[in-house]
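Heads up, there are several structures right after this.
Two complexes are shown next, each including subunit A; its partner changes from subunit B in the first to subunit C in the second.
So, the complex of A and B:
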């Protein structure tokens, strides 16, 4: 038999070997121009490339993505996708495959990654608290419950953001507190507590990691913690913010992450009004209000800060406006598609990707000419996230 | 013969094939944590990785690297290395090999990459001007001579920086001018000219791309062009900057790229003095001067802006100091090694890499504890550049 093989069939061995090594191999490529588009209806996401403005692959099996957020590994190869159902999925962008997945809580609302890239941290509604996972293995390394009061109650956690020094800042909706947890030794987390305003519902940190600002559901104004002087505690800024408006239903909470910081000023959506507020950083005084078409949702700065792009709440969610931050006037009003849910600028800002959920497309615009460059099909697209987020603080 | 082969030697075919496909294959990996260290004495550079704090490979054949600078492709896979000899080399960081090389001028001093990543632009002393190359192929696509006067003279070009809109700003040492060239249609460059102070020798643009500031060799003060209002022309700021000092020899020109912008203020080396100047952005008034150990060279902000790290001119070039920007006081004075030539912060600032030329090493420090984390051997290291530069304006 062997003799037969050697005599007549020897050529088959190299053929088998050749086909094994010529099989589908992932392409060697840089990861600086990659990103993901969440397809919320199908629990999938697309891996995209901003250089060629194209979709590279689709990844399934990510669970409930109705309120998904994404952070990236420090080598910008992996996306960590936080689903509403508590699922945390690590996706390899180069192979478009799932590199790890844990269901870490019953109800989650997003996450962050540590400054050194070693810890991925989820913020949870139920059970309330934060959990830190090894970024390589997704092994649980710290569980910090958001306990308060004397009866072992746990609060919903909102507004989680990373800080320098592998610290994390977040707010407790049910406990009226801001907390800072130092995870530089993740087996021994250290948490500081700061009493804040009523029912913080979301928050942001300024790009330098200095100021943490929480929106309040239970009262007017915003809670500010200066993380360079935490001993001063929380103070209330913009006391009129939200004044005179109906309390908003929880499912319509505005996104504070949609604030823009440009030229030493913050641009933020005026709750329930057709206005964008302009506030001076540091003094936190209102500089002006810019009238816009409808109730703003995301107010996003072009990376050079010269323009701020705004989308709106239903029924005007097919519109966008562009504000020139030098003159504080709107310079463009246009309709990129139906149900604009999110937008993301390319890292250096030459283009912006806009998700139009009800048109099942992502529209890509040139930010200098404001002309449309391309469209990509996507199933009910919502969040768009580019890998350059790996290099920023406060996401 | 064939029969002999088939009978006794058939096994050699799969072996040969196997070794061919098991040969050194580039590793599939993200490129967000890569960087390069210039080894100036040998014309080589190391490809390094900040996550593991290690050297991955060495690349040779880069020409004269005595005043090298580096920019990165928008996918962060390729480094474009500008040598002093006019060489422009495209290095593939994933394979540690040269993907292209042109010798584009007789004497060059650095370069930049366009906002959209499609053009790599070199600034040249001899012959004076800028040249734009296709970032993929290194094909010359635009040659913009820095001509001035009526006799066809050409000026040395300094201080080249990219701007939004695929524009580039630069200064003419011999013509006392700042120019802005729009390369959005590279076959038809459009150049605007702005008269400036005497003998600009280097320049920088603020991180938002708004202000361009040129240092002057021929007079005191600095030339400022507000790129959001270029019609106002160039004005002089900090009229005392450089006052009372000897004109510096050309080979000791300070690096304006070493300025830091933090918390709405610029930190800059006081020429010839043992001081760091603090200047308010916008008003350009001097806020204070911080005494330091010696003549500062690079004054670099930690990415969160809370600290500024300073190195010094010979004979104190073995020292570094750290300034706390909140108190404007030095908080640390230490000796990382002999002949500190450059430093680069990791993208989110948890560590800093410092080149110590005369110790043939790169020292890596934790920026929170200021403790040394690691050292890597390197032959006369000078510039250190990480791929996160791909995502910033003004480099």
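So, the complex of A and C:
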């Protein structure tokens, strides 16, 4: 018997050992319909699939995810997760495992990935600045402090976005500036500074990478930099949109991203007001302002641009509204759950995933009928990020 | 001595204190501070756009001014007033808990 085994079946031993070492083999599949749902309170995230509307796996050990954001590698296999605690974790979506992790700052707010996919850049509050990492190894390749003034102060960095040419644009909350750092030679970063409005809190770059618009907390208006002619400097758009009225208390800062651009117009949350501002790209004239339920946080265009979906700040964060961009009127007001923190459209926009933190669920809605299609359980869900972001400037 | 006092206060059940919120409201307030104050101050209260609210970072700060900040906000900064969202004695309760190290969140009310 033993002789038989040695003679004919010997190959089983290395095969068993090999498969034991390799662990479960990932199923052969694409990643275009994958994404992640951040479970903020437990430092975990789910890997999800939008085609089957299901959760595939859970990944733990991501640190403090209070304000987590995610960018994807250009092959859309890896998610880079930026945690509040400065953690930067590279997660393999196919194996649902951590492929690398560094704690790169004391307090971070998000990140971006370069046009060529080789650099992952974190934006930090403490110490204020940006840091660039090799996307493969997470090795630090550039550290660009957001220093200002003559006393060695460093500003919190907000609104980081990638630009063509491995450049990155961002704003300095404490220094009232917009900066562009060229990382085309990452060992020798070159930074240009542009004075901007007061207390920029977040910003967006248009999908073509031309215009950078920063929302301002300390001023009635927004700061605009034309990145095709940066020498012209920053100009203020929608000046005095609050008409000098006292702004309402802001319990949650709005978020700006290139998703707000639809039909040649930008749909922008008015800070401290129950309004969505509509501005024409290029002329920067106010088209209209749309009254909404409460203070908008995310104002996101459906990928076809026909609708804009809006969620709201605490304490009205159980509501959402849908704006028809053809008529610029709200066409739906509904309550998908308690504490709606984020939403993400599927790549072609037939469905939207909505996180309801206090109901511990993600609700999936059909974007034509506005009817709920499904719900998935998730622990205190916040950000939802789909791999289609890998192919978009500013994401 | 102050450590002993803090330990004694922490050992007291919140419901037994005069003017203290009831247990369901305590759960709501803890959730509010961790999650919604956490938007700016972080879930772990280590700070974000707003400063850290850990016991260590708040030590030595006068509690009256902390209570006034919670209720009235800080003009010129993003800190909004929470008057109308929390009652005066609830703001005091929140500040007391922050100064001794804030409790962990057990989720939204049912």
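Heads up, the rule we're going with is that the second predicted complex is superposed on the first by the 359 of 395 C-alpha atoms of A that agree within 3 Å, B and C clash if a C-alpha of one lies under 4 Å from a C-alpha of the other, contacts with A are read in each partner's own complex, and residues count from 1 in each chain.
Keep this in mind: contacts are C-beta pairs under 8 Å (C-beta built on N, C-alpha and C of every residue); 3 or more make two chains touch, one makes a residue touch a chain.
Quick caveat, the model's predicted, so the values are computed rather than measured.
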Contacts of A:74 with subunit B and subunit C, given as first, second, both or neither: first
Superposition-derived comparison: subunit B or subunit C, residues of subunit A touched: B
Touching residues on subunit C, where the partner in the complex is subunit A: 31, 35-36, 38-40, 42-44, 46-49, 73, 76, 78, 80-81, 85, 105, 107-108
Sites on subunit B touched by subunit A in the complex: 6-7, 10-11, 13-14, 17-18, 21, 26, 28-34, 49-51, 72-78, 93-95, 115-117, 164-166, 184, 208-210, 228, 262-264, 281-282, 303-306, 326, 347-350, 368, 387-388, 390-393
In the complex, subunit A residues that touch subunit C: 40-41, 64-67, 84-85, 106-107, 109, 125-126, 156, 173, 199, 201, 217-218, 249-253, 314-315, 338-339, 357-360, 380
